[in-house]
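To start, the structure itself, in structure tokens.
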Amino acid sequence: MTEQEFSHLDPGGRLRMVDVSTKESTRRVALASCLVTTGADPRATPRPDPGSDAIVTARLAGIQAAKRTSDIIPLCHPLALSHVSVDVTAHPRGYEVTAAVVCDGRTGVEMEALTACSFAALTLLSHLFEGNTGARIEDLALDRKSGGNSGDWGRNVHDDG
Amino acid sequence: MTEQEFSHLDPGGRLRMVDVSTKESTRRVALASCLVTTGADPRATPRPDPGSDAIVTARLAGIQAAKRTSDIIPLCHPLALSHVSVDVTAHPRGYEVTAAVVCDGRTGVEMEALTACSFAALTLLSHLFEGNTGARIEDLALDRKSGGNSGDWGRNVHDDG
Amino acid sequence: MTEQEFSHLDPGGRLRMVDVSTKESTRRVALASCLVTTGADPRATPRPDPGSDAIVTARLAGIQAAKRTSDIIPLCHPLALSHVSVDVTAHPRGYEVTAAVVCDGRTGVEMEALTACSFAALTLLSHLFEGNTGARIEDLALDRKSGGNSGDWGRNVHDDG
Amino acid sequence: MTEQEFSHLDPGGRLRMVDVSTKESTRRVALASCLVTTGADPRATPRPDPGSDAIVTARLAGIQAAKRTSDIIPLCHPLALSHVSVDVTAHPRGYEVTAAVVCDGRTGVEMEALTACSFAALTLLSHLFEGNTGARIEDLALDRKSGGNSGDWGRNVHDDG
Amino acid sequence: MTEQEFSHLDPGGRLRMVDVSTKESTRRVALASCLVTTGADPRATPRPDPGSDAIVTARLAGIQAAKRTSDIIPLCHPLALSHVSVDVTAHPRGYEVTAAVVCDGRTGVEMEALTACSFAALTLLSHLFEGNTGARIEDLALDRKSGGNSGDWGRNVHDDG
Amino acid sequence: MTEQEFSHLDPGGRLRMVDVSTKESTRRVALASCLVTTGADPRATPRPDPGSDAIVTARLAGIQAAKRTSDIIPLCHPLALSHVSVDVTAHPRGYEVTAAVVCDGRTGVEMEALTACSFAALTLLSHLFEGNTGARIEDLALDRKSGGNSGDWGRNVHDDG
């Protein structure tokens, strides 16, 4: 990708929603993840069980947010997403949240996957805060993407703990 | 706060939007923050200047998102926020994003401050991703809150770098 | 309530969002319910268990929709709801959906309770349709309301089956 | 349709927004309907005339809601609807509401047609409630659909009265 | 009102949603208006009759938009509006659109009245465009406001034609 | 375009969201503009500088509004816009606002360009109102469009001043 083909800045340096109308429509996939950590000694903190209502709520909040990404992130394009899934699993320091988004379209779904993760994690936080205001979200990042001119990309996912 | 007075769970263990109608309306303030880091050597990565359009965009996205918190986080109450501000400042590893939210109401604005931070940071990420897919959001947490029965609370803010 | 004090029609017969600014702010409660029926022999139709993800999803969709009532029903006022709960229980012909909404305000929450029921039921239907396009929503109605000038009201809830 | 090809449940039994990216894009049509009944003796109840502002309001609320279906029903895909119409006609027991939705896409528009009907009916109810809190919505169901792998389907529409 | 008490700019010159939490809650009223003109000879242009569906649609679009003002105009506060009405009347050059908004709150409803007018007018335009792409919106302005520290204000409304 | 092929009115004279499913998908472009005037002597009125936060805010509000056009204007279709840009430049009487929208789709983007202009202008007005309640929006109109059966069209843009 060169700045000439795809950029948030017009020649005058001002932000715009870039013109993707001449880009090819391809299958786009993006995966993102983050941690929700409980701060103090996690063994001592009451936390929702991965199968509980609180976790289902978090996963659904992430799915709903993915569909509204362009509504909230100013320069994102409205996209007809074809798949969104969000998972929440136990992690030694709290929970790991992962999101996968698929779309056939002219621009990537990286921001949609990050938005899904972010809102699932915020929803989890809203539950944890009842007992522990020190809970936090860490390490929200893109894990993998494929499709589009810029090709495939992946990071080594976090394995701390 | 006891589980009897304020809880996301009804007696049957099911999630609900808690009844705040008998709580007193007081002035509520919440501050939250996070880092947006550029991954690789930050001195080598092109980044928007704190005064640029990209930063104004991020701050506005955060303000807009705060107002829509109850729309996206399932168990949050709709609140008539009386003030929202979001700041983005340079940090050795990228940017620091901070948000402040004020409301006179029957429930706290912690989630609104975290949502504002989160969307300002995601918007920044959408700009940084043009050159650097490894950018990420770190350490999103509540910094301080006041108002309500549960009293004031503060963490020692992050000073890493 | 007289047509002079509170009406969806102005003196010229045209619809408007009525002026509630001179009405007293009181505690308003509304309960509504409906049935989701599976059409054919309900014992032969696969259905989600009341504790399953599908049911939690339906309950959350109802809670979210209640908060957005004024966004979708043209003449409803935006209200700062203080409580919403939605329940889904087994019924001989399928499921019963009930919703309760509470608000301190100048107008009732009847439409919010009906909207919550309606969206929880539609979400259930979206699951049932995978196996049974004949599922339907029956008997959506207000069950009880209290608060406001027009006083309390209740119907005899449906006990068919 | 088999559970393997299209399902709201992943192999672990958890809800997700299904992946429709490999499904063929075809013309999809769905019709739905319901009754809005006035409860007590309908001849004695004042009701809006089918041509009045109240009826136009109901029809528009249904059209608007159809476009926002994926925003409110958690597992629905965002779709670029190509046609929505909603009709309200007199019925011996009150009103009949019908909706038709058309889309060229990878998934059906059944939920969009039901959502349109449901919100047109709720809007009608909001008018009727001024004089008659016992009004209700009955028999909301899909009438017909065409397009997609699962083929065409129709019910015998309600002719009670 | 002084810049110290109420301003869209913080001391560093950056935009923010101003803090109205210390302002008094008073009854606020705002009236706004605009013209929708049909461009060419208005007698020769087919136009919807003031009582027709097209006009009801425009009025409702304005009412709905007023309720969503803070969602779209970045620095507006969410407000619990207590009344909105929108009128469309014939004018020698096309139509006059007027809006009235009332709220008991800590900040004015000027932007809500202008937003209502603007969306009613845009909706009218969407109808007129079927036959006349030269239709336009003229002279959108505040007509009157009352309530709040800055006192009452009125302009001499447009009487051209 | 004939009324038979494409119309907001069904054969019974009732509004509907027209069926565009049989129309060809082509590249659609629309440009719109308006003036924001400061009323009294513009040289004496304090106004935001074209590069300031207030102007960036206005431009972003316009971009965001364009994406939500079908959400607010009742008979507009949801469209996957591929480009939106909004500019604000100094004008002797205040500011000129212009918007450009591009989409590959079955219906035009005229209303999206007008909506973008309108909301950028309203946002500007919200800033100007701090010092000058007489500011107004003038001459909001379509400037040019291309694509679709009805062919290209342009007006002579306003050069008053």
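In order of appearance the chains are A, B, C, D, E and F, and numbering begins at 1 in each one.
Please note the rule applied: contacts are C-beta pairs under 8 Å (C-beta built on N, C-alpha and C of every residue); 3 or more make two chains touch, one makes a residue touch a chain.
Since the model is a prediction, treat every value here as computed from it, not as a measurement.
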{"item": "More contacts between chains, D-F or A-C", "value": "D-F"}
{"item": "Identified repeat of the A-D interface (over half of residue pairs identical), from A-B, B-C or B-F", "value": "B-C"}
{"item": "Interchain centroid distance [CA atoms averaged], chain A/chain E, Å", "value": "37"}
{"item": "Gap in Å, rounded to a whole number, between the CA centres of chain F and chain E", "value": "16"}
{"item": "Chain centre separation (chain D, chain E; CA means) in Å", "value": "32"}
{"item": "Shared-contact residues (touching 2 or more other chains) in chain C", "value": "14-15, 53, 56-57, 60, 64, 68, 74-75, 78-80"}
{"item": "Topology of the chain contact graph, where touching chains are joined (line, ring, star, complete, other)", "value": "other"}
{"item": "Sites on chain E touched by chain C in the complex", "value": "27, 56, 59-60, 63-64, 67-68, 78-87, 102-104"}
{"item": "Of all residues in chain E, those that touch chain D in their complex", "value": "53, 56-57, 60, 64"}
{"item": "Touching residues on chain E, where the partner in the complex is chain B", "value": "10, 14-21, 70-71, 74-75, 77-80, 105-106"}
{"item": "Chain A - residues contacting chain B, complex", "value": "1, 3, 6-9, 13-15, 34, 52-54, 57, 60-61, 64-65, 68, 72-76, 110-111, 114-115, 118-119, 122-123, 125-127, 129-130, 133-142, 145, 153, 155"}
